[in-house]
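Both complexes shown next keep chain A, but they swap its partner, so chain B is in the first and chain C is in the second.
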Partner chain A sequence: MRNIAFSSAGKMNLSGTLRSFLFRYGLGLALLLAWQLAAMHAESIFFPTPWQILLRAADLWLSGPPQHLFLADGVFADILPSLGRLLLGWSAAIAIGITFGILIGRSRIFSDLLDPSLQFLRAIPGPALIPIFIILLGTETTMRVTLIAFGSVWPVLLNTIEGVRTVDPLQLDTARAFRLPPLARLTRVILPAATPKIFAGIRVSLSLAIILMVVSELVASTNGIGYRILTSQIMLLLTEMWSAILLLAALGLTLNAMLERIERSVLRWHRGARQRTES
Partner chain B sequence: MSAAPESTKAPAGSHQRKLTFSPVIAHRLATFFRIFAGALLFFLAAELLTWLEFVPSTYLPRASTVALRVVELLYDLPFLLNVAHTLGAWALGLFIATLITIPFGILIGTSVPAYRAIMPIVEFMRPIPSVALIPLAILLWGQSLTSKVILVAYATAWPILYNTIYGVHDVDPITTQTARCFGLNRLAILRRVTLPSAAPLMFTGIRVSASMGLIVIVGIELLAGANNGIGSYILFASSTGGHMDSVLASAAIAGLFGLIINVIFGVIERRAFAWRLLGVASR
Partner chain C sequence: MLTVDRLHHSYGPDHVAIASLTFKVNEGEIVAIVGPSGCGKTTLLKSLAGLLRISGGAIRLDGQLVSDVPKGLAVVFQEYGRSLLPWCTVEANVQLPLRYQSLPSDVSRRRIKDSLAAVGLLHVAGQYPWQLSGGMQQRVAIARALAYHPKLLLMDEPFASVDAQTRADLEDLVAEVRDRFDITIVLVTHDIDEAVYLSDRVLVLSASPSRLLADIPINVTRPRDQITTRASEQFLTVRSEVVRLIRRQAPPAS
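And then the complex of A and B:
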């Protein structure tokens, strides 16, 4: 809040824009420069310079022919499989989490009874189940998507249950007094009230899903960004490994930013009450 | 509030007192019953599903077999040493991360220029999945305790840092200004106003980090083929003849420890920051 007031108060002339840009990204650029100089000075094979990493990344993913929009084969071998599995597993987790969350959360007894088991299942570290998943589902896409979905469903599910359970009773009574049919009560009262909590769960589940995507690709895989990291480590292609790590960072950043934008537009009405459900 | 009718009833005679529990005990009993019934239900459902053998029981052992194995493993000293190793590395990593990030976060959060300059970097670094650094860590430090601790510290640092910065930055300006009007100096404002109001969010960061760190450490042990730890035990059990009951049992034990950690953090949070929930709707 204070920040917005701060920046819009200043005149928006060129030097002002430049200064605010430097203020915002100056330290990042300085650190990047320091990294470049330190890596050039150290000449260690473990730490290539950022410039080399960038060149290698461009070579891996953006050196294709114009008819492929300059996307190189690496995009189809690394990025698309990873992204596809991530989105599939994550959206399955969101769909399952919200659906079952509503079903369980609507019944007090049901949610009371299931809570301990759900808490326990959530606490199981996803990677610990990889051997089981491999035996049950093989080493193909199904296994990876299931692992991502299993690992990232819990925050959505538990937050939906909690969100649905803690709807203001006054609102529910009002809806009942106005004789809203059950479906309308669900879509117009319960779901909107639970949305902030659900989104908080979705945000946590995204970072879990990315972790599990990488973990699943480090085991018995044939493609994906994680696989690229693993093979380049084995072959000691360290520049390539670094560029894949930075690619993951960029991927996480983009997805986070997109989610934030969606959340902001969905929760526009909620901004006033936002502070109360921060936890 | 609800203790009032209790005390008025008391002189009516010991006969009646025996029948009415105090509300606290009744609540505890209800919670205990709920947990017990829920766990039993879960176990029976799992047993039924595995008993029907949609997949052969060598692949997916019966729930009762796994439960027996859990009990066996809890008496197994070498396994317990693995657990201790994992939990030790996890705790050390989390501790280091907390120790480094909280002062740093307070520093960034209290100064507006630092906040505006450093926040974009934090936003960029935060989504890098720590597991992507496993191969790098193995190259640099081998399959050692150092690798594990550093990776766990890296993974757990971000939620703590992020929440600390936000908590400190979002302190109500009116409160700090009021404190300044009363003549408190910067250090006193930090200690009396900023830290108490940011503490709940900081603690939330630590709690989120704790469970994330557990996922990361098991992942590292499993992927890096570490010499000890729950993850390496799971790897060993699955690769030597596929002892799926051991795999599931140790995963369940990891889950149990995760659950215990969660519960402990939750209790601390509720006890320490009970005042904060007063203003929030219901829980």
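And then the complex of A and C:
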């Protein structure tokens, strides 16, 4: 877990809460303030103040009519297309990564057959494939989703292989001794045992998927957050460009937080068991 | 019920674990297998469980040749912490082997309840194994084996990693469930006291590569209890006989 709260519950009082809040977020707030002051002082069109960026963002994405939940047209032109492609590509990466991870991790034949080719493919940086993907798949959603999936599948795949290979042999022996059928051994023993590693892979895969989403939208696109960044830069709408960049950060943070919540509930047993053995 | 005929196993040419073993286990018996450490006890147990492809000889359970894991057999391993699944609750751990037995669900539920009650753990059914103490975890492993209704229960040093008091309790639990559930038990242990206290017969193995040194019937009267039985003349006589046999085999202590 990355967000470990170093607090002793019970002893918390108001000043303690404030202190821990400042300790965690103080530096960020100070930097934000410094940015605001520096930008105000510089008065450069390339560097709008964070406040201006925020206002512009609100205008772009949250100025819609109440019946649209205040979502402005920008949401439908920028955020939804990006988010849709991201989720599609990333889910494909997870599904493919886990499936092939199980095959390669548990079967000697698949491992020998596929490993060399996969090592080779893995060495290719995803963005380098955009030109060939455009030729093969056009410039529509398929190409971008494929790119996202190709680039973000590796951590899931490798971690699944590692995870299903390192199941405790005693758990497998137990499953065999109680005559669990092969499929049950997979779904009830091998996969659950591998979930901590698989989730670690999925988390890395998310950040890769976001990077590839943006990269794919910088080329031959007609919508999306990356497209917004590119066009506003060309049209010298620099506040808008900065807004889109910050939107990406917000998107990444939100998705990561959601993923962490899921992980925490799925892997509750893992944290519990680990705390037990460490104490 | 279980016959082992000239069982031989080697892990490669330089490492012969079991030279040749021939013995029998009768229905309803508790048989303890003892021997110096590293004498191939665990190899023997894994062979009996069908978890190991033996190099030679034959193992028969009710006349059937054991080649894969046989039906009606359950194993309790020494490392309870690792053999229970940490992502399943106590109840789900006990239930898991039953899922694939095509039992009616009320039968399965009753077995889970009975076996957890037999080891005194009904109140923690909803907890996870890692929330329990070591002794309780080992009881969960025993409950899982009991719910499976095995004809033959194999136990590999089942009490080696729990404290002395828990160990005594678990020993009595085994004797009790043997009577209640009518099963045959083969128990591997390095503790001679435990072997003599629990079993109807003790098989003494030699140092690796193992052979059968002695097959000693334990005629200590039942029911046995931790205090009077262990202090009785009968018990002490048999115990020293077994100790002498093993001492002769073990390399001199330096």
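Operating definition for what follows: the second predicted complex is superposed on the first by the 248 of 279 C-alpha atoms of A that agree within 3 Å, B and C clash if a C-alpha of one lies under 4 Å from a C-alpha of the other, contacts with A are read in each partner's own complex, and residues count from 1 in each chain.
Note that in this section a residue touches a chain if its C-beta (ideal position, glycine included) is under 8 Å from a C-beta of that chain, and two chains touch if they have at least 3 such contacts.
Here the structure is a predicted model, which means the values were calculated and not measured.
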Contacts of A:R176 with chain B and chain C, given as first, second, both or neither: second
First (chain B), second (chain C), both or neither touched by A:L253: first
Touching partner for A:L114 - first (chain B), second (chain C), both, neither: first
If touched residues of chain A are counted for chain B and for chain C, the larger one: B
First, second, both or neither for A:I210, with chain B first and chain C second: first
Partner chain(s) touched by A:E140 [first = chain B, second = chain C, both, neither]: neither
First, second, both or neither for A:A184, with chain B first and chain C second: second
Chain B versus chain C as contact partner of A:P192, first or second or both or neither: second
Chain B versus chain C as contact partner of A:W269, first or second or both or neither: second
Touching partner for A:D168 - first (chain B), second (chain C), both, neither: both
Contacts on chain A seen with chain B and repeated with chain C across the two complexes: 168, 276-277
Touching residues (chain side chain B, partner chain A) in the complex: 34-35, 37-39, 41-42, 55, 59-60, 112-113, 116-118, 120-121, 123-136, 138-140, 173, 200-201, 204, 208, 211-212, 214-219, 222-223, 230-231, 234-235, 237-238, 242, 244, 247-248, 250-252, 254-259, 261-262, 279-283
In the complex with chain C, residue positions of chain A that touch it: 168, 170-171, 173-174, 176-181, 184, 188-189, 192-193, 195, 269-270, 272-273, 276-277
Complex contacts: residues of chain A adjacent to chain B: 2-3, 6, 23-28, 31, 46, 112-117, 119-132, 135-136, 151, 166, 168, 204, 207-208, 210-211, 213-215, 218-219, 225-226, 229-230, 232-233, 238, 241-242, 244-245, 248-249, 251-253, 255-256, 276-279
Parts of chain C lying in touch with chain A, wherever the complex brings them together: 46, 49-51, 69, 71, 73-75, 77, 79, 82-83, 85-87, 96-97, 99-100, 128, 130-131, 144, 148
